[in-house]
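Heads up, there are several structures right after this.
The same chain A turns up in both complexes below, where it pairs with chain B and then with chain C.
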Partner chain A sequence: MFKRPGVLPGFWPAYSYSVLYLSLIVLIPLSAVFLKAATAGWPKIWQTISSPRVVAAYEVSFGASLAAAIASVVIGFVIAWALERYEFPGKSFVDALVDIPFALPTAVAGISLTSLYAPNGWLGRYLTPLGIKVAFTPLGITIALIFIGLPFVVRSVQPVMEDADHEVEEAASSLGASRWQVFRRVLFPAFRPALLTGFALAFARGLGEYGSVVFISGNLPMKTEIAPLLIIAKLEQYDYAGAAAIAVAMLVASFFLLFLINFIQGRSRRFMETKLS
Partner chain B sequence: MSATSRRRILRTEPTWLRRGLIGLALLLTFLFIVLPLAAVFIQAFDKGWAVWQAAVTEENARSAILLSLLVTGITVPLNVVFGLAAAWTIARFQFKGRNVLLTLIDIPFGVSPVVSGLIFVLVFGAQGWLGPWLGDHDIQIIFAVPGIVLATVFVTFPFVARELIPLMQSQGSDEEEAAIVLGATAWQMFRRVTLPNIKWGLLYGVVLCTARSLGEFGAVSVVSGHIRGLTNTIPLHVEILYNEYNYTAAFAVASLLSVVAVVTLLLKKVLEWKTREARV
Partner chain C sequence: MEDAGGQSVSIEVRNIRKHFGSFEVLRDVSLRVEDGELFALLGPSGSGKTSLLRIIAGLDYPDSGTIHFNEEDATKAAARERQVGFVFQHYALFRHMTVFENIAFGLRVRPRVTRPNEYTIREKVNELLKLIQLTPLADRYPSQLSGGQRQRVALARALAVEPKVLLLDEPFGALDARVRKELRRWLRNLHDELHVASVFVTHDQEEALEVADRVAIMRLGRIEQTGAPAEVYDSPANAFVYGFLGDMTLFNGTFVRPHDIEISRNAVHGPGAVYATVRFIGDAGGLVRVELRREDTNEEIKAEISRERYRELAIRVGDYVNVEARHSRVFSE
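Moving on to the complex of A and B:
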């Protein structure tokens, strides 16, 4: 069953330890959610996840994550394009800044964004007279999720832009294509799988995001309450089965997205391989 | 002359568009990414150095810092040992289920922080699987330090392994095989060959794991119970201060975490450069 080519020692101890630790920390605790939801039974699960407040929270989470992922794709594409295709002073510094949302703890991002977009905040004070309310609205949730999602898009697209084949681009222009045609017909199709991956990563992260959102969302039931917050609300009422039911629905959604990402990446890899051969 | 200049024009956008796009990219980076970080520091020092210092040295802040350091001190070594074992297994051997193992390691990245906390409440909480037994033996895990450690270990689980696996795969096993053939013991091989080769990647994994352990909010929030001076980590303390409208103090404590984030980014640059050097 196990092939061990070569002379290297330590397969069994390393393998057994990895599997044991993985099971204890990740697999067994995670299975607790599914078992808890299952022991409550289907009627109870269905009753929980179809109650109006929970459905509203799913809609808020899903809608804001979707809007933020789309915005992240557009903004992230512009940033990645400038970083990969143009030269300007301070470029590598700007490139390093893109990782800030990965490194900054979510709660810190949450209070900072809230203070910026609150009606008396640095940005909020200019947006409020225009009739744009950001803090404590779904728009605020979306802004927080753009902050969280942007690096996923930039870091997905950058390597593809770096590898883009200049010869194809030159061939297209020398055959008479305009700059816009080259972009639309040659460059953009090559970036599309990476953009989709970035979109899916940002979207998946947005669905589960908690720390950066709870402060700016205002948490009004039926309006700006996100799904993770309802899990906490259920726990505070000692409704463990209800919390587990909401969690299962979220886990299924995010695993589906991760599966989709692998599928996109696998397909684009196969596409590149057939093109090369 | 005309041929080369025409070709250059065709390969890139007109100057106005190029400058416009660079400007737009800089503006968007500033607005969406830099401003939230800058706002933390500016608001932290709003009322001067003395107020900042008072906020970060006050008793509850001090115990939150100590607890976060304790949790990180337990979490990081645990995940380093796992990362080394998993990378050794996956990058050095072919076996059935190798890809499954690789996929399972990534699971915690796909799980919402709140769900990451919830799973430990369902196992160790009063109504959880082990709750009654733990209650009989007077062991508290949820709403206590062990629960915070478990949730943090779960959330930071993949970091070290994720750094080491691709690095060790790209380096190959020739040097290690040579060491064994020449009579080195397993420990000698690990210490003299493997460790020097992977040290920068390992260090980067440790940096990421440390930063996330110190800053984790959602998962820890679910299992901690928010008991002041006992189960509050730095991010939870920030939340409490903020919800009490004590904004300057909240941002002062948050600025500590932001410094950690900036240092993480700096180390990332340095270590990326070192790993690339080691790979060549």
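Moving on to the complex of A and C:
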């Protein structure tokens, strides 16, 4: 049941510390959420989470996070590729820029994105005549979440690209593969596990994101209201059990999705297991 | 496997020069590898042998000079157009593919018109798996194989595309001594079966002399000598080649192989004979290594004698003996 690898001692201390800190920081607060939700009783919980406004908020949250995570994977992959494969002036500046969303208070990002994309904003004024509305729509939420999620993808993929063995590409091209075939059949499969990790991180971060979204979304009930905002709203009305109920449903769904992503990721990196017999 | 090499060709390298920055890795190198020949590029690290191999493969381009396959100029052709099988020192296997898929790769990436059907691909790969004796491991990933097995997969992968020439970069460099010896004999036999012009790079003179039909000895971007193993060993062109192909010791201002040093208990007789003291005896192995110091000039001399001779002489460290050389060489350099 317990795997004890190698001759180095340290399994039990490592294991005990992991359990202790995960309990203090993650498990106990989370179970408190479950307990709080339970005080409301099952019918009340169901009533809260199945109300049309909450369901709509879930749809907005999961939909926008999913769209943003997919977009982050595509854009993040290109950025990581450019940073790892090419030399260009200002490269270290771009590299540092990638981390900015980690450091910036998310509200600042939300406010600046809103003023950029608002109908009279720098970018919004050109988009509005084209019929593209960004601020106060799900598209705006998605853009805010891409901003937040992008660095996760870049930073997950970059080290794997850095480690990639150049000779493998040479081997493929001397076997007759075109550049596109080298990319599709040799390079991309090697990056896939890291891309999935980046996807999972960006997606999870998007679900929980609050600060940057509330400004750009406009918070129209049934349209651009995200689940975390509803939780805050419930808290402000002292409906703690209701807030906990919304949180619990979100937790269960996110846990299930992350578990699924991990499973897919595990399959995509089967080749890394070493079973020397 | 008679036709695994497809139509084999000769390789000709003419006046190749190559710089990396200000460093000149190849200085006017020319050589010719005949159709069906197994050719070794031998030299110490930094001699330019791997650069030359990569240029032949099209993985690097020369500053000047040309490469010809069967008299046809291939200097500007890209690696993928050259139909060259390249085996890397560190295998460069595709680690997300099974052994089977690694070998099949070169066939699967062919343009649709020339791509064999699935059945033919399976046939071909299974045939190669049998050749490298790894049929039971077809579904393993490279990380689950030993070094020797990986190198065989890399070779099978290169052979699958029926290359016109086969190029191997230090093919056994990363393997342990026993596997190395096994594999190089196996490569020799395989080559005799396939008969495709092959060039391999090595820094191990024993490997080159044992396996190759002909050897080129390289130093500092130049070819010092080219010839059959016996030819270069018996008539080395200069002191570098002599020293690189075997141990040597300096004796009376000339170069001598340690096994050509004669030790005896008699009084000095030959014209070049001298007195020396035994400083060290290494008696593990087929030959006994003896290190001596000359009485007159204090020069160190290395000698190798048979175990039989060693017992007969019964020498010990500190003994005072008579030393002379059977063959010696003078190089003007």
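Some notes on this structure:
Here is the rule we go by: the second predicted complex is superposed on the first by the 225 of 277 C-alpha atoms of A that agree within 3 Å, B and C clash if a C-alpha of one lies under 4 Å from a C-alpha of the other, contacts with A are read in each partner's own complex, and residues count from 1 in each chain.
The rule is short, and it goes like this: a contact is a pair of C-beta atoms (placed from the backbone, for glycine too) under 8 Å apart; a residue touches a chain by one contact, two chains touch by 3 or more.
Quantities reported herein were computed from a predicted structural model and do not represent experimental measurements.
Legend: residue contacts after superposition of the two complexes on their common chain; A:E209 is shown touching chain B, with no touch to chain C.
After overlaying the two complexes on the shared chain, residue contacts for A:I25 are found with chain B alone; chain C is out of touch. In the overlay built on the shared chain, the residue A:I132 is in contact with neither chain B nor chain C.
In the superposition on chain A, A:V186 contacts chain C only, with no contact to chain B. Shared-chain residue A:V252: touches no atom of chain B or chain C.
In the superposition on chain A, contact is made by A:A82 with chain B only, not with chain C. Judged by the touch definition given at the top, the superposed model places A:P228 against chain B, while chain C stays out of reach.
Judged by the number of chain A residues each one touches, B leads among chain B and chain C. Once the two complexes are laid over each other on the shared chain, residue contacts for A:E170 go to chain B and to chain C alike.
Touch criterion met: A:W122 reaches chain B, while chain C stays clear of it.
Chain A residues in contact with chain B (one complex) as well as with chain C (other complex) are 170, 173-174. Residues of chain B touching chain A in their complex: 7, 10-14, 18, 21-22, 24-26, 28-29, 32-37, 39-40, 43, 81-82, 84-86, 88-89, 92-96, 101, 104-108, 110-115, 118-123, 125, 127-129, 150, 153-154, 157, 173, 176-177, 180-181, 186, 189, 211, 214-218, 221-222, 235-236, 238-239, 242, 247, 250-251, 254, 257-258, 261-262, 264-265, 268-269. In the complex of the two chains, the chain A residues touching chain B come out as 1-11, 13-15, 17-19, 21-22, 25-30, 32-33, 36, 75, 78-79, 81-83, 85-86, 88, 94, 96-101, 103-109, 111-113, 115-116, 122-123, 146-147, 150, 166, 169-170, 173-174, 179, 204, 207-211, 215, 228-229, 231-232, 235, 238, 240, 243-244, 247, 250-251, 254-255, 257-258.
Of all the residues in chain A, the ones that touch chain C in their complex are 165, 167-168, 170-178, 181, 185-186, 189-190, 270-277. Remark: chain C residues 57-59, 78-80, 82-86, 88, 90, 92-97, 105-106, 108-110, 141-146, 154, 157-158, 160-161 touch chain A in the complex.
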